[in-house]
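Below is one structure; the comments refer to it alone.
Letters A, B, C and D mark the chains in the order given here, with residues in each chain numbered from 1 onward.
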Amino acid sequence: MFHLIIFSVFGLICIVGAVNLLVQRHPINSALSLVVVMGSLAVEYLLLGAEFVAAVQIIVYAGAVMVLFVFVIMLLNAGVEERTQGSRVALWFGVPGILVGGLLVSWVMLEQAGIQAVPVGALPGPPKTLAWLLFHEYLLPFEITSILVLIAIMGAVVLASRPESVQRSKKEA
Amino acid sequence: MTSNLHLWLIPILPLIGASINGLLGKRFTRQVVSAIALSFCGAAFAMAVWISAQLSSLTLPHVETLAQWIRVSDFRADFAFNLDQLSLVMLLVVTGVGFLIHIYSIGYMWEEGGFYRFFAYLNLFMFFMLTLVLAANYLLMFIGWEGVGLASYLLIGFWFTKDSAASAGKKAFIVNRVGDFGFLIALFLMIKNFGSLDFSKVFASVASMPGNQDLLTSIGLLLMVGAAGKSAQIPLYVWLPDAMEGPTPVSALIHAATMVTAGVYMVSRSHVIFEHSTTALTVVAIIGTLTALFAATIGVCQTDIKKVLAYSTISQLGYMFMACGVAAFSAGIFHLMTHAFFKGLLFLAAGSVIHAVGGEQDMRRMGGLRNKIPVTFWTMTAATFAIAGFPPFAGFFSKDTILFKAANSPYGSWAYWAIGVFTAFLTSFYMFRLWFLTFFGQYRGEEPHGHGEHGHGGIHESPKVMLIPLVILAFLSIVGGWIGSERFDRFLAPTLHSSVTAVEAPSGESEGRAASELVFTSISVAAALCGFLLAWQLYHRRPELPQRIAHSVQGIYTTVLNKYYVDELYAAIFVKPLIDGSTKLLWHGIDRDIIDATLDSSAESAEHVSDTVRHMQSGNIRSYAGWISVGAAALVVYMVWTGGR
Amino acid sequence: MVPLSYYLVLSGILFACGVTGFLIKRNIISIFMSIELMLNGVNLSFVAFAAQWKALSGQVFVFFVMVVAAAEAAVGLAIIIAVYRTRETLNVDQVNLLKL
Amino acid sequence: MTIQTFILVSIIKIVICIGVLLTAVAYTVWLERKVVGHIQNRWGPTRVGPFGLLQPLADGLKFIFKEDLLPPHVSKPLYIAAPMLALIFALTSISVIPLGDWVSIAGIHTPLQITDVNIGLLIVLGVTSLGVYGVALAGWSSNSKYSLLGGLRASAQMISYEIALGLSLVGVLVLAGSFSLHDIVEAQGGTFWGFVPRWNIFQGQFVAFFIYLMAAYAETNRVPFDLPEAETELVAGYHTEYSAMKFAMFFMAEYANMITVACLATILFLGGWKGLPYGPAWLQNLPVIWFVLKVFCFLFLYIWVRGTLPRFRYDQLMSFGWKFLLPLAIANLVITALVVAVRA
């Protein structure tokens, strides 16, 4: 019962945050809603016993990725979203399409998989066990993602740095 | 195998030179380029000499296999090199004359652009020619065969910006392809019937199955087609006169001394096949004889100094084939060797003359050069006497042997001999005509101006680097025949060991033979003398006479002057139908109306379709995402519908 | 005791919200955030399934997703900055040179 | 222990903690003013109470009674929420800090911390990493260029130094083998050769300690890394537009963060509540006292540095973090891991 209440409360916060993300027209509000979603998702993870994942969710997602978003929004001084009519397809086909798909999936889930219930802290993921998995069974993916991150860092630096010609002209000016 | 001679080095050395010059030569100075070309070519020559010095200690034929090449079930062809008396003679001639011409070229080409290119090609030619000569099987020989064709093409078209040179190169290449086609089919027949292309195995199979006349005849004839292409025999001789568009050293090396004799070499090499087919031999003899006569008549009327020499080359090659056709292979090779000396010399001297008068090639604008370029004159004189067949010059011995054999060989006939003698007369006539027109009388051209900027205007002797090869070749042209055909025949006997001569030798009555040989010799010398006298009469004493004669026999003269309209005939029979056919049927009919039309219409329909569909490509990410989500939804619906099965 | 399907439905809703955001948002940063939302939805289902099947590898996958998301965020935001620098707009409807 | 007592005990602990923390914040401010004053050859606060000890109280009263200005054209909800966020996150992280070992009071056996979780360190890191939102949102919502620049600087700086900070802690984690702060302290008991305490800083983690020190200064926006509020260039940085209680919240958040960081340093590197391994037994078992002493030393260092060092330039700050601290932290981690692996 207690479990269900917490689940429902934070699930609701999640959904409200997600919907708020859609509704808000200023990106910084959307970003903050997303932080809220992430925070409540962390609570859901805790409910599922994935404490380490929850902590990492906060540190990486809320603490780093979203800060980066906020930083970029501030840097580019992004204003309120314009309401341009770019794509009728997205609005008239895409949204109904995804709604239908989502509803169908939810229905199937509720119909078919509703029998099993998950207790609180169903699968404790102590950091040691996870680390063992990560550095033994999943060592290769781990190393590959580390290379991916390295490449991403370099790519981001290259992309975001001003072209040399611009820098030079700035310096001369 | 007694010892390893590293025969493969001989062809590879010039290839290295060609690679260095071809790839890097552009940055080198002319001195470096010529040093590289000369040293690698000279190394090949030195090696050939070293090998001939070791000859007594070798067991011939000496075959060395460098590497495996093709192994398909029973058939095998390796990178194998074969050394025997025949290939040794060819080796010495090719490397020796080639080396001299390399030296000569340095002087001749010094002022030309693309110096490094020229020497790269020249070394490349040496590589292929040596491969051809040393090959131990027909396939490797074919590589050399094709390769010299390529080098010849490259060198004829050396001045590729000149239209006539470029088309002459193409002509040589294409006409050679016709011959190569015959050669190739002959190779296929050999593979099919003998299962091998090694000389030794092929000849062994031939010897063991003498009954199969038709097969041997067809192989022989096809080989002869190949030889006719490479050695400019009727009906494929037309490329050689045009090939004179190349630089003169090229004409000397490739189109006189070495490459064009490849056909003779190949026929001699395949003598076993020919000896087993009388028909093939007869065809070879007839073609040789006719070519000799035919080319000689054309040569009489030519005015371009190099063209005269070109037809003379064809004619002399005809002699060689005549010799082969009467199974006197060693005589053919003997003539090949002496011809390499004097014809190489003739071309080089002609080059020197052209060089002296500043690029002029028309003999009617020469004359009286005797005193101005004495060294060239004297060497040319030696060569002229040699080709005309005056004793004791080299040409006398070889030509005389051929004529004697033409009449006396079991396969010979008086007709060959008669035509041969007449051709000898013609040869003597047009060569002395050339000699008189060039060196005697008054100078008829303008002052050369080509060298004005180099500060030595006027007619002048060539530099030493060009004269030294001339002198050496002149020496060889004089003494080259003193070996004597008998000794030469004996030397080559192990290789060209023919059943015919083997049968004949014991039965020959040496007394009577010597007597009749003397008669034959006197007749041929007399023919040469007649030619000389006639030329002297017409072109030295009474230079106005030829004009009148030409007028009186206008029709014949024009025909001969236009080379019997053979080129025009070929154009009408082969070239034009080919061009018309490929234009109208292949290009317009098939390519444009069927293939292109199909593709064009499919492209057009694709364009129409995409023209309507491209409006979906709005460039807007969100509409793309919309389509994706619709697709995803459709997938979900499908999966739910089927229950995930 | 919460049924597993609730978690999955929650994750599905989050994912659908993400997709919808992608479809209706014009601001490129918001669109990017919608993508992050989708990833989060997926992560939730990973963790839920890990609990369901008693397999910790589900949680390990979440780490990989996070790492990829972080890398993607870095590169994506750099691209956004570059786009803004050249096009002077964050509206994706105006970043549409790739058409016709 | 029943659930009721658990909740009761927890509430008591929370109240005590918050009270102590806020007092500590107030007196850290007083300490700073006093120490910096003496460094600069001044007296610092002297008027209110003996040695100016009541000065924080007076300041607090003043903040409370000042008018709460709301500048025009600010983004109102965020403008109000920002200082609260900052303070909340600053105070939250204290919840997993252990002040001492388990104790039994009135039959209730409980640790001297609000809660002992096995990912305690991660929670501290996560919560402090969220702290940046307060600063960034304050900077953005103030609708002022100084604030915006301050906010930008703060977010970039904190993300950058968080990496070095986190990596410097991994060495300690490798030694302790646990995320639980309690376990980490327990792992530092005992001595080397009988007289050197087995604190992590003496276990070869002095490089990590140095990195942590630098990164912690940057994380809390303190001199020499106080670029987000550099008064000589940005007026007051992200809190330029704030006044009264909202400003006080930022102020408290900053000092609370300082205390958290000092606590963490104490736990991770200085042996937590473990005393010096000599002297009489009662001296060794004065848990909270030792802890407070160490925290005080750390805070004093903070203030000392502030009174001594000049401010970095922003590009120097960034290159110091990325090009010096980060590689150093990685090297330290690799070496520590190797040593541990060899020992094991």
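As a working rule, a residue touches a chain if its C-beta (ideal position, glycine included) is under 8 Å from a C-beta of that chain, and two chains touch if they have at least 3 such contacts.
This is a predicted model, so every value here is computed, not measured.
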| item | value |
| --- | --- |
| Starting at chain B, fewest touch steps before arriving at chain D | 2 |
| Chain pair showing more contacts of the two, A-B and A-C | A-C |
| Mean-CA-position distance for chain B and chain A (Å) | 80 |
| Computed distance of Cα centres, chain D from chain C, in Å | 33 |
| Intercentroid distance (Cα basis), chain C paired with chain A, Å | 5 |
| Gap in Å, rounded to a whole number, between the CA centres of chain C and chain B | 76 |
| Overlap residues in chain A, where contacts from two or more other chains coincide | 52, 56, 64, 68, 73, 75, 86-87, 90-91, 94-95, 98, 101, 105 |
| Residues within chain C bordering two or more other chains | 19, 23-24, 26, 92-93, 96 |
| For chain B, residues contacting two or more additional chains | 618, 620, 622, 625-626, 629 |
| Chain-to-chain touches, reported pairwise for every pair that qualifies | A-B, A-C, A-D, B-C |
| Sites on chain A touched by chain D in the complex | 28, 32, 35, 51-52, 55-56, 58-59, 62-64, 67-68, 70-71, 73-75, 77, 126-128 |
| Parts of chain A lying in touch with chain B, wherever the complex brings them together | 86-91, 93-95, 97-98, 100-101, 104-105, 108 |
| Footprint of chain A on chain B - complex, ascending | 618, 620, 622-623, 625-630, 632-634, 636-637, 640 |
| Of chain A, residues touching chain C in the complex | 3-4, 7, 11, 14-15, 18-19, 21-22, 27, 30-31, 34, 37-38, 41, 44-45, 47-50, 52-53, 56-57, 60-61, 64-66, 68-69, 72-73, 75-76, 78, 81-87, 90-91, 94-95, 98-99, 101-102, 105-106, 109-110, 112-119, 122-123, 125, 129-130, 133-134, 137-138, 141, 145, 148-149, 151-153, 155-160, 162 |
| Contacting residues of chain C [partner chain B, same complex] | 19, 22-24, 26, 31, 92-93, 95-100 |
